[in-house]
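So, here's a batch of structures to check.
Both complexes below contain chain A, partnered by chain B and then by chain C.
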Partner chain A sequence: MESSVAMPPPSPSPAPAAQKPPTGAVEGSATWQLSDRIGLAFCWGLGLLFCAIAVAIVVYLLIQGLTYLKPSMLVTPAEAGFSQSQTGGFSDALIGTLIVGTMGIAIALPVGVGIAVWLVEYGRPAGLARITESTIEAIAGIPSIVLALFGTVIFSSTALGFLSRTTEGIVFGRSFFAAATMLSLVALPLVVASTREGLSAIPQHVREASYAVGKTKIATVRRILLPTARPQVATGAMLGLGRIIGDTAIIVVLLGATQNFAPVGSTFPLNYLRGAGTTLTNFVYEASPTGNLNQPQKAYAAAFVLLLMVLALNAAVDVVHRRARKAGTWSH
Partner chain B sequence: MESLIAGPPPIRRLPLEDGAVATEVPPSPGGFTSAKRSISAPQFSIRRMEINRLSVSYATREAVKSVSMPVRQGEVLSLIGPSGCGKTTLLRSLNRLTELTRTATLSGRILLDDVDIRLIEPTLLRRRVTMVFQQPNPFPMSVFDNIAYVLREQGSRRQRKKSLEPKVHSALERAGLFEEVKDNLDHPALRLSGGQQQRLCIARALAAEPEVLLLDEPCSALDPQSTQVIEDLIVKLRDDVAVVIVTHNLQQAYRIADHVGFMYLGELVEYSGATALFNSPREQRTREYVSGAFG
Partner chain C sequence: MEEEYLPEYGPKWSDQRAERMLGALVCFVVGLLLALIVTVFVKAWPSFAHNGLAWFGAGGSVEEQLNQIYLSGLEGANYVYTFHAWTLIWSTLLITGGAVLLALVSALFVSVFIVEFAPVWMRDILQPVVRFLASVPSVIYGLLGVLVIVPFIGNHLVTEPQKASVAGVISLSGYSLLAGVLILTVMIAPLMVSIFSDGLRAVRPGWLEGSLALGVNRWRTTWKIAVRSARPAIVAGTVLAVARAIGEAVMLGMVSGSVAFAPNPADGLIFIYEPSRPLAPTIVKNIDSLGSAPSNATLFAIAAVLLLSAAFFSMAGWVARRAMRKYGATA
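This part shows the complex of A and B:
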């Protein structure tokens, strides 16, 4: 990115490029007023600072993770014990993260895409569309702990007792079903916003071109508009997935946060989904010096795995966009 | 540094020799010698559509005012006029695309083969009266799929590639594109050049086997060479489909149209044969427009 700037400002880092004359028609900052140059240097400094912070986090976790992470931890469930060598690994937490991620996005993606299509392509009645928009913005602003609290009310109701453990008529209300449903609300606004952005970017004449060969609105949405917006839909899904696997509050409140799976009943896989469990974020919290397990080495190992998952999501978004650019777009 | 600040080099103007005619002369009555009519007289003409006292309003603004004219197969009909004169609205009324604009209201009648188009299901009508737009807008899929999309049922992906191949090829051939893309049918359509994209759009419109082809300034985004290829194509198509073309470019209308309708402020000021309209316009406003007095 930085290399495209014609003339970088004076910076403490060794920058031989600073002496180069400006190339092309781009005006070099050497001709700018002093205040502008100070401003530019300030922005540059901030940018470098944030890069440094990000690099520091990744490098630190990389070192800690590689030091403490043993492959056996990924396949061994947590066990009770007094020293870190006795307490097993975090396979249940890892699988738990995968389960809530899959379930959460499986709910958020179709619902979010549906809402976005309705808002952009139909948007009638206008009043209802406006209300929906503000509702989604409101959900995006609600702290997840508040969503979690609301979730306990819903999933502890007798009517939804079949989704979690029920003992003597009392509904436990904590299960993968409960957690994933509320977590899908965390991802939903991101999916909606991103899909809307993708659909709105398609020129109107492309829709008309489809209508003009006798296609219905729904055929146009399915075959032209959604495939065109696929990169943005994927971005929304990846960002949403990142939020889901990074959430802790809803896991603590709605998943029971037991360090092992606690299946209910015997029908696989429903027994696991109806039962309590944990995820990596919760494991990191519990294993950190603040938590009940107090085994910081495993906290680092689990955090490292979590970071790898998030980085992989970011890389996937990148790949999707690069592929979309290759397919070309309309001239405006 | 110095050279960057210096302005562009001065424009050199070459004086024209005596008797020479600048190639970009504004069209004027009798002054169309620089634009060549590229078409011969029509072999036949069959009336396909009939526009009868059509008026279109957007909310309170009347965009088309009581326009009547025929659309014939075997001929190219060109609609000319300054921006905002209602020619595009008129064109979009012919396949009921105006209905997509919520505020639009229509009165009058449009007949397709003597049937009122309001009685024809819109998706069916739009397969019989297809349209090509100003901006080349192939769908973001392969060249082949762009055409196949038209041939398949609504939203369906069922029909196999093999069974669609002959129709896809013939549509591309009719649009004069097949030779250029036959080895790259599965390349993304948006990677084609602008002129090829527009011919793909024409192929797409032809794949539905329409009776009328509407073209809304199809060359305005293209270079002169692509424009000429498309103009030749339009002239070739007039025997198979009735062609209606909206254009800003008077020379283009002169080159390829058999009949020309001049619209101004929503009214059809004059409708007559192309040579007659350009060389001896009946109306004062037509004369002023084609001579470049306004527009």
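This part shows the complex of A and C:
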């Protein structure tokens, strides 16, 4: 079963041969009525349409990106200005995306792996296991804007307020800490689903062999099971990372609508993490014609960089799969 | 895991401690979700309490009401909560419904194509394409919508007489229901395709072979046997896509026009060119008014409605997929 939220990894073998209905000799095309043929043509049409949309998105952004993206944009922060030539670049947004991605996955990965290990290897009491399963499913279904609003509540509370910007005692609850924590919830279900899939694909006798030589359960998990499931854990992390860097709603609410870092205090790097900031998604959102900046050319450039990151992550997932399949550790 | 496989000797305490720690982690995440649900509803309560069921009803201008609510919060004691969200709910229903219908049809055909009919080379292209479409960030879809789709609709599809006919009410600039529905379809169809194809692949080959042996051609066999027995997967994929569509805030906020206006299908086909604004983008748009207490409650009330409906749909999808597993339909 694939996770509901993750796109499936590329199917290792295109449907096992046994499942394919016999073709060719069995069936003459004479049995295909006109309506069947039209239906098949419709299939082809939609399939080609999907490809065309994907190609159009990539090519269009490639052209716009190459036209408007200047290397200097990647190293200059945004500035106030009257025209698109005066407003600098989006280096703060780029760094912000990296920070948010790193922090988000640094939280989601251990928590997600921990939950998956508990679900597959322990899972007692059974009632709690069922509740946990539906919790993860529910978290996957929560709209990110709702997570963002929840974030404003917990990060402006007195207990966690110190993690965010404060002005004259008013806590805004906007900071890299706040955004990354909420974004880790977005990635969590993907990490859990993928890790779980990897762990449950490991045959039972592997565990038994480990117990037989006197390993404890947790030692088995750490030394045998998790290393074996590494490709799936990595896949989950990368899918989660893709979701984190692509999310906009949480960033707009919890990181603020500024286009620069707004450090708070003086301790590096805490001052940056406690302050508001921006990411590429936020930059694209604000720089689009419906945003506050309205600089479509820079929006295209930033969107191009963002798309490159997403494509790189997709490619990395593919590489992990191919390697794991070659090594025979990918089970389905 | 069976008890007897545990070793009789060795440092058992560390194993127990590990289990307890992982258990605590799990409880923490479960607790966090509960806290989220409780917080959202507690924060939303004043808005629901003041409006009752009229919250979901029609009446007055939503923009005006939101503004009044915000201003009353700045002034102090006499908070205004009057809010009738029907315009926003209607827009959500129209956009989600339209996109899910379109996506359902296209995803069904595409997954049938991927699983049964596509030649291997085509399948090898389509699968990465579907994954790619699912992983494009919504803000990129929004940007392309605003800069490509919206101007196209505004300049080429909407005719001048149509613009003139509603000139006094609303301006048809291309920010429209149609743009929102089309882009949302592209965003949710890949999710459906992935779940539908899983279901179709898991259909027992014997059933298909039986049908083929009776002389039914492959097309009919696929639709009458494979698609029907993959019905739980189709239900699951559809409801999960609905949950995703309801929560989409950023892209819809960019292309739907962001005007609280209720397009009326009774006006004829022109309604698909009319702008509107669903629930989720309303939160993003009014996020700066969070500081005003009544606005805060109102936004949380919208979030509560989103949370409830999204949770309902994803739980429904979960139940459907469990049913599917019980059938043994999945591999």
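Here, the second predicted complex is superposed on the first by the 284 of 332 C-alpha atoms of A that agree within 3 Å, B and C clash if a C-alpha of one lies under 4 Å from a C-alpha of the other, contacts with A are read in each partner's own complex, and residues count from 1 in each chain.
Assume contacts are C-beta pairs under 8 Å (C-beta built on N, C-alpha and C of every residue); 3 or more make two chains touch, one makes a residue touch a chain.
Just so we're clear, the structure is a prediction, and the values are computed from it rather than from any experiment.
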Which of chain B and chain C A:Pro227 touches, first, second, both or neither: first
More chain A residues in contact - chain B or chain C: C
Which superposed partner A:Ala327 touches (first chain B, second chain C, both, neither): first
Chain B versus chain C as contact partner of A:Val284, first or second or both or neither: second
Which of chain B and chain C A:Glu208 touches, first, second, both or neither: both
Contacts of A:Val253 with chain B and chain C, given as first, second, both or neither: second
Chain B versus chain C as contact partner of A:Thr216, first or second or both or neither: both
Which of chain B and chain C A:Lys70 touches, first, second, both or neither: neither
Residues of chain A contacting chain B in one complex and chain C in the other: 21-22, 27, 208, 211, 214-216, 218-219, 332
Contacting residues of chain A [partner chain B, same complex]: 21-22, 25, 27, 203, 205-206, 208-216, 218-219, 222-224, 227-228, 326-332
Chain A-facing residues of chain B, complex: 1, 4, 95, 97, 100, 122-127, 130-131, 133-137, 139-141, 149-150, 154-155, 157, 188, 190-191, 194, 201, 204-205, 207-208, 221
Chain C to chain A touching residues, read off their complex: 1, 5-7, 9-12, 14-15, 18-19, 22-23, 25-27, 29-30, 32-33, 35-36, 39-40, 43, 106, 109-110, 112-118, 120, 122-140, 142-144, 146-148, 186, 189-191, 194-195, 197-198, 201, 203, 205, 208-209, 212, 215, 217-221, 223, 236, 240, 243, 246-250, 253-254, 258, 280, 283-284, 287-288, 290, 299-300, 303, 306-307, 310-311, 313-315, 317-318, 321, 325, 330-331
Contacting residues of chain A [partner chain C, same complex]: 1-2, 4-5, 7-8, 10-11, 14-15, 18-23, 26-27, 31-32, 36, 39-40, 42-44, 46-47, 49-51, 53-54, 57, 60-61, 111, 114-115, 117-119, 121-122, 128, 131-132, 134-147, 149-150, 152-154, 185, 188, 207-208, 211, 214-219, 221, 242, 245-249, 252-253, 257, 281, 284-285, 288-290, 296, 299-300, 303, 306-307, 310-311, 313-314, 318, 332
